[in-house]
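First the structure, then my questions, so here it is.
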Amino acid sequence: MRIIVTNCNTTGQMTEEIVRGARAAAGPGTTVAGLTPTWGPESAEGWLDSYLSAAAVLDALRTYDGPAYDAVVLAGFGEHGREGVRESVDVPVVDITEAAAHLACLLGRRYGVVTTLDRSCGLIEDSLETAGVARNCAAVVGTGLGVLDLAQDQARTESAFLAAAERAREAGAEVLVLGCAGMTGLHRAVGEKLGMPVVDGVGAAVRLAESLVGLGLTTSRAGGYARPLPKRRVWGRPAG
Amino acid sequence: MRIIVTNCNTTGQMTEEIVRGARAAAGPGTTVAGLTPTWGPESAEGWLDSYLSAAAVLDALRTYDGPAYDAVVLAGFGEHGREGVRESVDVPVVDITEAAAHLACLLGRRYGVVTTLDRSCGLIEDSLETAGVARNCAAVVGTGLGVLDLAQDQARTESAFLAAAERAREAGAEVLVLGCAGMTGLHRAVGEKLGMPVVDGVGAAVRLAESLVGLGLTTSRAGGYARPLPKRRVWGRPAG
Amino acid sequence: MRIIVTNCNTTGQMTEEIVRGARAAAGPGTTVAGLTPTWGPESAEGWLDSYLSAAAVLDALRTYDGPAYDAVVLAGFGEHGREGVRESVDVPVVDITEAAAHLACLLGRRYGVVTTLDRSCGLIEDSLETAGVARNCAAVVGTGLGVLDLAQDQARTESAFLAAAERAREAGAEVLVLGCAGMTGLHRAVGEKLGMPVVDGVGAAVRLAESLVGLGLTTSRAGGYARPLPKRRVWGRPAG
Amino acid sequence: MRIIVTNCNTTGQMTEEIVRGARAAAGPGTTVAGLTPTWGPESAEGWLDSYLSAAAVLDALRTYDGPAYDAVVLAGFGEHGREGVRESVDVPVVDITEAAAHLACLLGRRYGVVTTLDRSCGLIEDSLETAGVARNCAAVVGTGLGVLDLAQDQARTESAFLAAAERAREAGAEVLVLGCAGMTGLHRAVGEKLGMPVVDGVGAAVRLAESLVGLGLTTSRAGGYARPLPKRRVWGRPAG
Amino acid sequence: MRIIVTNCNTTGQMTEEIVRGARAAAGPGTTVAGLTPTWGPESAEGWLDSYLSAAAVLDALRTYDGPAYDAVVLAGFGEHGREGVRESVDVPVVDITEAAAHLACLLGRRYGVVTTLDRSCGLIEDSLETAGVARNCAAVVGTGLGVLDLAQDQARTESAFLAAAERAREAGAEVLVLGCAGMTGLHRAVGEKLGMPVVDGVGAAVRLAESLVGLGLTTSRAGGYARPLPKRRVWGRPAG
Amino acid sequence: MRIIVTNCNTTGQMTEEIVRGARAAAGPGTTVAGLTPTWGPESAEGWLDSYLSAAAVLDALRTYDGPAYDAVVLAGFGEHGREGVRESVDVPVVDITEAAAHLACLLGRRYGVVTTLDRSCGLIEDSLETAGVARNCAAVVGTGLGVLDLAQDQARTESAFLAAAERAREAGAEVLVLGCAGMTGLHRAVGEKLGMPVVDGVGAAVRLAESLVGLGLTTSRAGGYARPLPKRRVWGRPAG
């Protein structure tokens, strides 16, 4: 099985890390390929970035001309676009935001999300709500670190994560969700210290994508996710 | 006061109609200017179109170099992008979806939305939910007509609208909302036949934008709609 | 356009302040007239007062014999009565509670209300809920000051407001709403200190009323707000 | 134990019927006394009536000078006022709307309300919501009969009730609630035909009031239902 | 009238205390009989215990061969089983969890529950939700004391209760509910110190059961609580 | 990896069918073993059965003495017990109800459940609600067929399923969930006819269990699902 994992930003190094995490999580027989949009924001932090990212990811998949794939994982935590990708491709599509929440619901009564900047909390809340999995979310808490800061000082990142996790726990969380694709790997470091399961959305999404493929399930066309209508669409500012 | 009204698609003729409707609704002293994205879909019907449209509208405002303006009206019913525009500009931003719902809540206990294709209903429901005004929405009903079909046969459009409106009324609606910017003008034609107020989002948004400007209010920077962070962003597929 | 602004209590001085605020907020061409009930409570602070006020305001409008008007603004924050007024008059009716919330939703993801006594918080919460705009309300917080205390010591009022506003901000508010008609004017004083938009319900309601009138919209008769049935009604304890 | 049952309208004959129903439901040792407001509407059908009724009922209790009582039952289905009465008296207060819903929840998973005119449905829905018991309400359905029509033609009333009950059942109701104090007695007539329990709010409220008194419980003063503040209040249009 | 009060655990001494509380709360003419399951947990603290208890209580009622009874009170706070008992017996069934919440809603705008161990909070929240009375619940707070610890040191129990009650009050509670059948009696001790009504579920349930019996109401068979289908069922591990 | 799949009833033939479905869905390297409770109901249809089943399944796992296992799948659609099993075992636990809903959310905006008897709909609704996945459930619809009837007449079962599915679709479902473990296999037969994805809970749960094991995740002990406290518990009526 071949899964395309799309980064939501243009930072190739982050795609590599995400792909590393995805591969570590994938079952035997699964091939993971990363896809970095050729345009969009270098990191997605807020609504403007998120909408720009959504269009860029849709374009990257639209113009993808590599080997066929069996599923798509969207590796932008809280970012927009998943419904559009569901319309566009004929294979299962799993967004890491919803994926982490789905698995977290199986592990405890309430889960909390620890993310990067506070400004991203609202996006994540809305994304969980529309995905149908917000009911058991106790809190979405920011660490104050930007997406591209996460990798710079591992000790600082861990410490900020643990502080934010404590706030989520006080709000009732029994399970934690890593609220940024760039946190992949961190769950190993902090899981034991916290005494709570920590769910990484990238790994969760890869496994859910494998599950859907394995069960022969794909997106319903009977309703909101029908194939896009044929029409004239221009993808990005015309040159010149 | 000068209000920019952005069309969510690239069809200039539709921008003109929207601007006509906006001008008819505007108070004295208000100038309305239309803005058509230079890229994006020719009509927004579904999630893919909506996300593409959101980025194109953000880009159109980002690169706008006309006279200064006092407010932005986003004339895409149910389409994405409003939070990103709120981050980006320093003037009030009103989306026609939420605008229509806000006014409809003042006119009856429950309102219904009549829109174009059934595939758009889900987008509209999510948009109302995240705007905080879904509670009093009794139903979102499709007419089965595409965005660009609306203007082609006025009798057919009216008849389809009235049939859908009846379903909304049975679901409890006491007020109707025109669920597409391209329906602007239709409220005059159908209002009397229905015996219910009909709210056009374009007019509603223009008036709400005027209200905010008149009261000296603009988007809060204290939280989710802080100014976008400076970073590298590429708006569309690089040439070459 | 002529707007009647009804005070919810019998304190004429407060009506004057409210009218002053309403006039400051009104657009050009709008005339504002205040209406003070001839009976009811001298201030509305709690459920008993609120229900008494509702009947008195309905009676004041029923027996009003001044010049014709185009809209009614109900200037009692959290107070009952708006649906009854909608049944009774043939022009748009806007309550300052809902009005402030509607505009606040356009300015940030979550808003908070700062009001007078803690005992009023419940009324306000219920009023927002039934108006359909509670979803984005992060908190309703009391200052501990009574309605008629507000005007007595400006410094104390500001300080109490700022402290309560801080609690609303901690609960997630990005926008503040003045939760009492008697606070009109305070938004200028505290807005800058808070770094958040502050919405005054009186101004908001005036602008929304103007908007509805401007758009030719009025209350739906198709459902819950049909005209009251003709029947015998006695308004207040018979003399003797 | 002595319970005051307040009619919400000025029709004394209806008070008598309600008192008859209350007495039939009361336990041994309970005395029921009816109280008819000296002002207000002759029947409460809609928001204007309901607000007028609330003030009149509050006034009737305020000026009541009969024997001491142990509890108050408010016999206006869906009508306003209960929170104000809770502030005003030192004994338990039970509204027939909430009472019927509380007992109905003990009898089936979902209940339905059958009421008089469609225009009353909204009031009832809001009343159940703010009382905290709307969650299990499957539907509120009107019969099309006015309050004072109920007693005129028993066969017509039963037939209209059964038709409305069928709609409630289709919406999921397993228990029915009589949605008007003037329907008291009807539950005997229709219960068997429906094959569902039918809850009369008057009887339910009397029993709940007895329960609270028997358990030594009364309204909390710690919060929203604190005693009304002493102040100047005028109850009705001053003579002159 | 004869009411069976079932303990949810096998500790006979606790049944006796519960029966004592039930008798103190019952009206004249009501006989209370306790029923202790012959199997199940010695105390119910958590999900495993709760499910084991539910089956044991159902079995105890199934095999009960004492005098006929008019109602069943289920005295396990937050424990499962009530819907199953409703299917099984032809008399009204009242669970102390829902009973306390129903009465608490009549006494204040929001209520709080103080229970034993934190691990029980989730069960109680779910039980209130499915009973339809969670809307006005401000908080469910644990004292840290196990069920069988409650009776051991009265001073410690009171002190832990008061501390937990304070947290509930801060969360908005105006009324407190004793969240364990073993707390019956405690409301007298703590009520005055708290200045809030304290509702004991056992007393509440006895009174509600009396109310239903008195009104001639019993569980609906029209839907989810139809009589169990005849089939082969084995109640507990076969001997041998 | 070894997964134990527990039947919720004592019908061994049904366990075999479920195991067959589980094996068909499992990934390579997964061993599936069925577990049939030695006591409980022969089929679970309603609340009494469900609670009896929950205790019997807990007992079956408690006394299981076969080879070690890596996860538990609970194959009773809508049946109780999952939280108790989560407390009891140290491996991931997935209930087929929640599992089907989690995957269904990834395939469409709204899903519907088609189950056996109408009396089971309420259990399923509550189970989805407490699992946190009810938000996107458009309807739970009964076929009118009992659990043990499903296998008897394949044509009748398919026809009843298709009729119920149509009602779910009209309510907004874009994806269907098989609402009974005994329907496993049916998705192949009806999927094409419906033009919608059909999710079988058994397969979904097996895949989710594999996912959790593969990711090294298991139930949180930090809160509601802590290990059961050591205490005296009796599992079924003592002999003699």
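Annotations
Order as written gives the chain letters A, B, C, D, E and F; numbering starts at 1 within each chain.
Keep this in mind: contacts are C-beta pairs under 8 Å (C-beta built on N, C-alpha and C of every residue); 3 or more make two chains touch, one makes a residue touch a chain.
Note that the structure is predicted; figures quoted are calculated from it, not measured.
Of all the chains, the one whose CA centre sits at the greatest distance from that of chain C is F. Chain C and chain F, compared by their mean Cα positions, are separated by 52 Å. Taking each chain's centre as the mean of its C-alpha atoms, chain B lies 44 Å from chain D. Averaged C-alpha coordinates give centres for chain A and chain B that are 29 Å from one another. Shown for chain A are the residues in touch with two or more other chains, namely 83, 109, 122, 129, 223-225. Taken together, the touching pairs link the chains into one ring where each has two partners. In ring order, beginning at chain A and turning toward chain B, the chains are A, B, C, D, E, F. On the chain B side of its complex with chain C, the touching residues are 25, 27-29, 83, 92-94, 98, 102-103, 105-110, 129, 131-136, 169, 172, 174-175, 195-197, 199-200, 203-204, 207-208, 210-212, 214-215, 217-225. Within the complex formed with chain F, the residues of chain E that make contact are 10, 38-43, 45-52, 54-56, 58-59, 63, 80-81, 83-84, 86-88, 118-119, 121-123, 126, 129-130, 146, 223-226, 228-229, 231-239.
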